[in-house]
C-alpha cells in the first residue's frame, strides 16, 4: 500500500539518481528512471521503491512487483529479474532516508495563528510556527524553526532550542530543551512531582518542587507521557533518549544518552539510567536505583536494585535473564510432576 | 440514589407502558402508572425502576422499596408483594435500555461555537456540533450527527463517519473512522509510532510513519489512551472494539471485531488480536504476536508468543491458566515446606 | 543548586527570625541575619538554608557550606562550626515550610483571561483566576481562590470548592470537589466508565453511567490520570488522597482518607481502599476487592482478593510479603540446584 496522499503528500516523483544519493547506495539502471513512491515488499508496484531487511523474507523478495529494492549485497541473487537492485549496508536505514526524500516534512511558511496567546516578553523566533490556541508564557524562548501545535502550552520562562516540535495538546513548564526536542501529543513536562510528607496532624504537605526538567538534544517524549520536575535538583532526559507513549518519569530521575523506554514503562524518583539503557514495555524501576550503561530490561520487569552495565534482566523482582529463565523452567518441571510423585518426596 | 439532575437531567416521567416497550418485557400492572427515574436495588424508591441480575442479591430484592423491578422470571417469587415485576431475559441489558428512555442523550440544536477553528475546505455536516476551541483541519470530513468536544483537534484529511463523538481534549490525525466511533477525553490517535534505528554514528533515525489509523464502526477509545499510526501499513481497531483508559496501541497493531482491552493494557507494534479477544488490565503483548479468536488474558499477564483461539492465559510469561495456577500452588507448597526438610532432599 | 529564578522567583530574602517562626524551630544566632534562598545539603552556600534528614548524610553535613541547617538535635554535634543550627522535630517538614516562606505561591491579582469561555449562569468567585482558553460550563460553581489553568475544561454543573487548582489541559465533568482539590495537567475526571454488555446480536451496549465523581478536600490527581464516574452510585476519592501520574480509577471505586497511589497503578471498578492504603507503582487491583486500612501493596503487585488492614502484600497474585519473599528464595534455591541432582529426585 502506498501512503495515503490525504495524510502523506508526495512532493514529486524521484529519479533513481536522487534515490541513490539519498540512500548512499549503488545500482545498475537508468539514473533518470522515475519512481512514484514507497511501499512494503509485498505491496509495492513497478514504479515504487521497497526494501528487504531479513533473509527470512527471501520468498517475498522473489515475488515482489516492486520497481526497485534496497537490499544487502548477498540478497541480490534472490531478487526478481526486472527490479532495480540497490545495494546498501543497512536497508532499513536507507529506506528511512528514502522516506525523507519522497515525503519531506511539510514546512508551511512560518505562521502565527491569530488565536495564539503569546506573552509580550516571550522571545519567539521569526520562523517558528505557532498553531491555533497555542499559549506561550512570559519570558519563554522559542528557538528558530520550532513548531508549536494547536493548544500546546509553553509555560513561563521555558526555553526551547532550535527546531523543537511541541505537538497538539502537549504542555511544558519549568523546563529547558536543547535542539530538536519533540513532545508528542498530550505529553506533560515540568509539573510538580509526587513528593509529600505527613505533618503533625497526619495531613500531607507537598515537598519542595523547586527544580526543573532538562531535555537534551533530540530527546523525544511520547504521547501522554509525563515527566515531573525535580525537587531541589533537576530531572534530566539525556540527548537522543526516546520515551514511548504513557511513560512516567518521576522527579530527579536522570537518563543518559540514547536511552529507550518502551510504552507504559516508568521510573520512580531519583532513578539513574546511564547511556544506552533499554527498558521494555511496562517495566518499573524503584526509586534511587541505578542502571549501568547498556543494561537491557525485558518487558514488565520490576527493578529494585542497581543493575551492572550491559546486563539483561527479567522478572519481578528482576534477575539476570538466564537465571530468570532457569527459574521459569524449573518451576514448570516441578509443576508438571504428578502430585502423587511429589508427595512421596515430601 | 437517583441520578444527580445537575449532570443527568430526566426528560420526563415514563409510563409502565413506555418502559415495557423500551425493555421488551412483560408485566402485570396499570400501563399508565408513571415512574420518575432509575436507581440501584437497595436505593430505589416507590416511584423508581430497578433491576436484579444475580440470584445472590435475592435478600436485597426481598427488601427493596422499588416501585418496579426488571428480573428474570425465576426470581419473581422472591420479590416483595407491592412491586411491579417486569420479566426480561437479560435484566442488565433491559436496564441499560431503560436508561436510554429516562435519560436520552441531550442533543443540543446543532451549533458551531464561534471560537471553533474550521478549515475552509473541511466538509462538516450541517448538524454536527462543534464545541468551543475545537480545531478542524484542512480537508477533514465530519459526518452527520458528529459531536466534537471543547479543544478537540481533528487533523488534516481525517474522516469521521456519522455520529462519531470526539470528547474534550482528544486529538486525531492520519485516521479514518467509521460510524459511531467514540474518543474519550484526551485520547491520542494517529501520532507517529515508536520506531527508529541507529545510523552509522549511533544516532536514532525515525522509521517511516506513512500509515494511518483505521477505526471501525462503534469502536471506542478510552480517556488518555494512545493509538499510533502505522509505518507502511495501517493500525486497525476493529468494529465494536472497546479500549479502556490509558491503553497503548503500537503501530501496525490490529484488533478484530468486539475486542476488549482493560485499563493500562498495551499492544506492541504489529500485534494481531482476532475477533472477541479480551485483555485484562495492565496486560502487555510483545510485538508481532497473534492472539486467536476469543482468547482471554488475565490481568497483568505478559504475552510473548502466539495464543490459540479460545485459550485463557495468565502470568509473565503467560501460560494456559490451569498450568499457571498449578505452578502457583506448587511453589506455595514448596515454600511452606520447612527449610530443614527441603535441605535433606538436596 | 538554588532554584532557577525563571521558574521559581524568590519574593525577598528572609530573616532568621522569620525562618524560625515558619519552621517552628529554635536556634542561636542574630535574628536579623538574612538568607537568600534554599538548596540541598551539598549545594547550599553561606547565605542559603538547607536541611539534613538522615544520619547517613552526616559526612555531607560536616562538609556543608550552608549558612543555616534544619536538623534534629542529635545531629548538632556533627555540623560545621560556622552554620546556624535550627533544631526541629522533622527537618523535611520544616524545610517544606521554609519553601512556602521563600517561594510563596504567586497569586496574580484575580484575572479572567478574555479568551475564557464562561457560561452565563456559571457561578465563578470574584477572586478566581481563569486562564486563557479555559471553558466553564453551564451551572458550574468555581469557589473562592480557585485557579483554572489554560485550556482546562470544567463541565456543566461541576462544583469546585474553595482554593481548587485545575492545571492546564485537565478536564472535569459530572463531579463535586471539596476544598483545595488539585488536578495536575491532563487529568481526566468524570468521563464514562468502561461498562457495557452484549445485546442479543452480540454488540456492546454501554451500561448506565448515571453517577458522579466526588473528590474530598485536598485530594490530588496526577498528570494524565483518569477517574471514571460511577454507574448508579458515585466514584469517591477520599480527602487528602494523592494519586500520581497516569493512575486509573474505574467506576464506583472508593478510596478512604489519605490513600496514596503511585504512578501507573490502577483500580478496577468498585474497588474499595479504606483509609491510609498505599499502592506502589504499576499495582493493579481487581474489581470489587476491598483493601483494609493501612494496607501496603508493593510495586507491580496484582491484588485479586480482599486484603486485611495493615497487611503488606507483594506479587501477582499478591501474598503477604513474607510469604512472597520465601517463595522467591525457595525458587532461587531450587533453580540453582544442578539439573542432574534434581533429576535424581524425580
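A, B and C are the chain letters, set down in written order, and residue numbers restart from 1 in every chain.
Everything below uses one rule, namely that a contact is a pair of C-beta atoms (placed from the backbone, for glycine too) under 8 Å apart; a residue touches a chain by one contact, two chains touch by 3 or more.
Source: prediction; values computed, not measured.
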Count of contact steps on the shortest path from chain A to chain C: 1
Chain B onto chain C, rotation angle from CA fit, given as a multiple of 5 degrees: 120
Copy pair chain A, chain B: interface residue numbering same or different (half cut): different
CA centroid of chain A to CA centroid of chain B, Å: 28
Shared interface positions of chain B, touching two or more other chains: 115, 133, 151, 169, 186, 224, 246, 264, 282, 300, 316, 331, 334, 345
Touch list for chain A against partner chain C, complex: 115, 117, 133, 135, 139, 151, 153, 156-157, 169, 171, 173-174, 186, 188, 191-192, 194, 196-197, 199-200, 202-208, 210-212, 224, 226, 228, 232-234, 246, 248, 250, 264, 266, 268, 282, 284, 286, 300, 302, 316-317, 323, 326-327, 330-331, 333-334, 337, 341, 345
Touching residues (chain side chain B, partner chain C) in the complex: 1, 3-4, 6-8, 38-40, 43, 90, 92-93, 95-97, 99, 103, 113, 115, 131-133, 150-151, 167-169, 184-186, 218, 222-224, 240, 242, 244-246, 258, 262-264, 281-282, 299-300, 315-316, 328, 331-332, 334-335, 342, 345-346
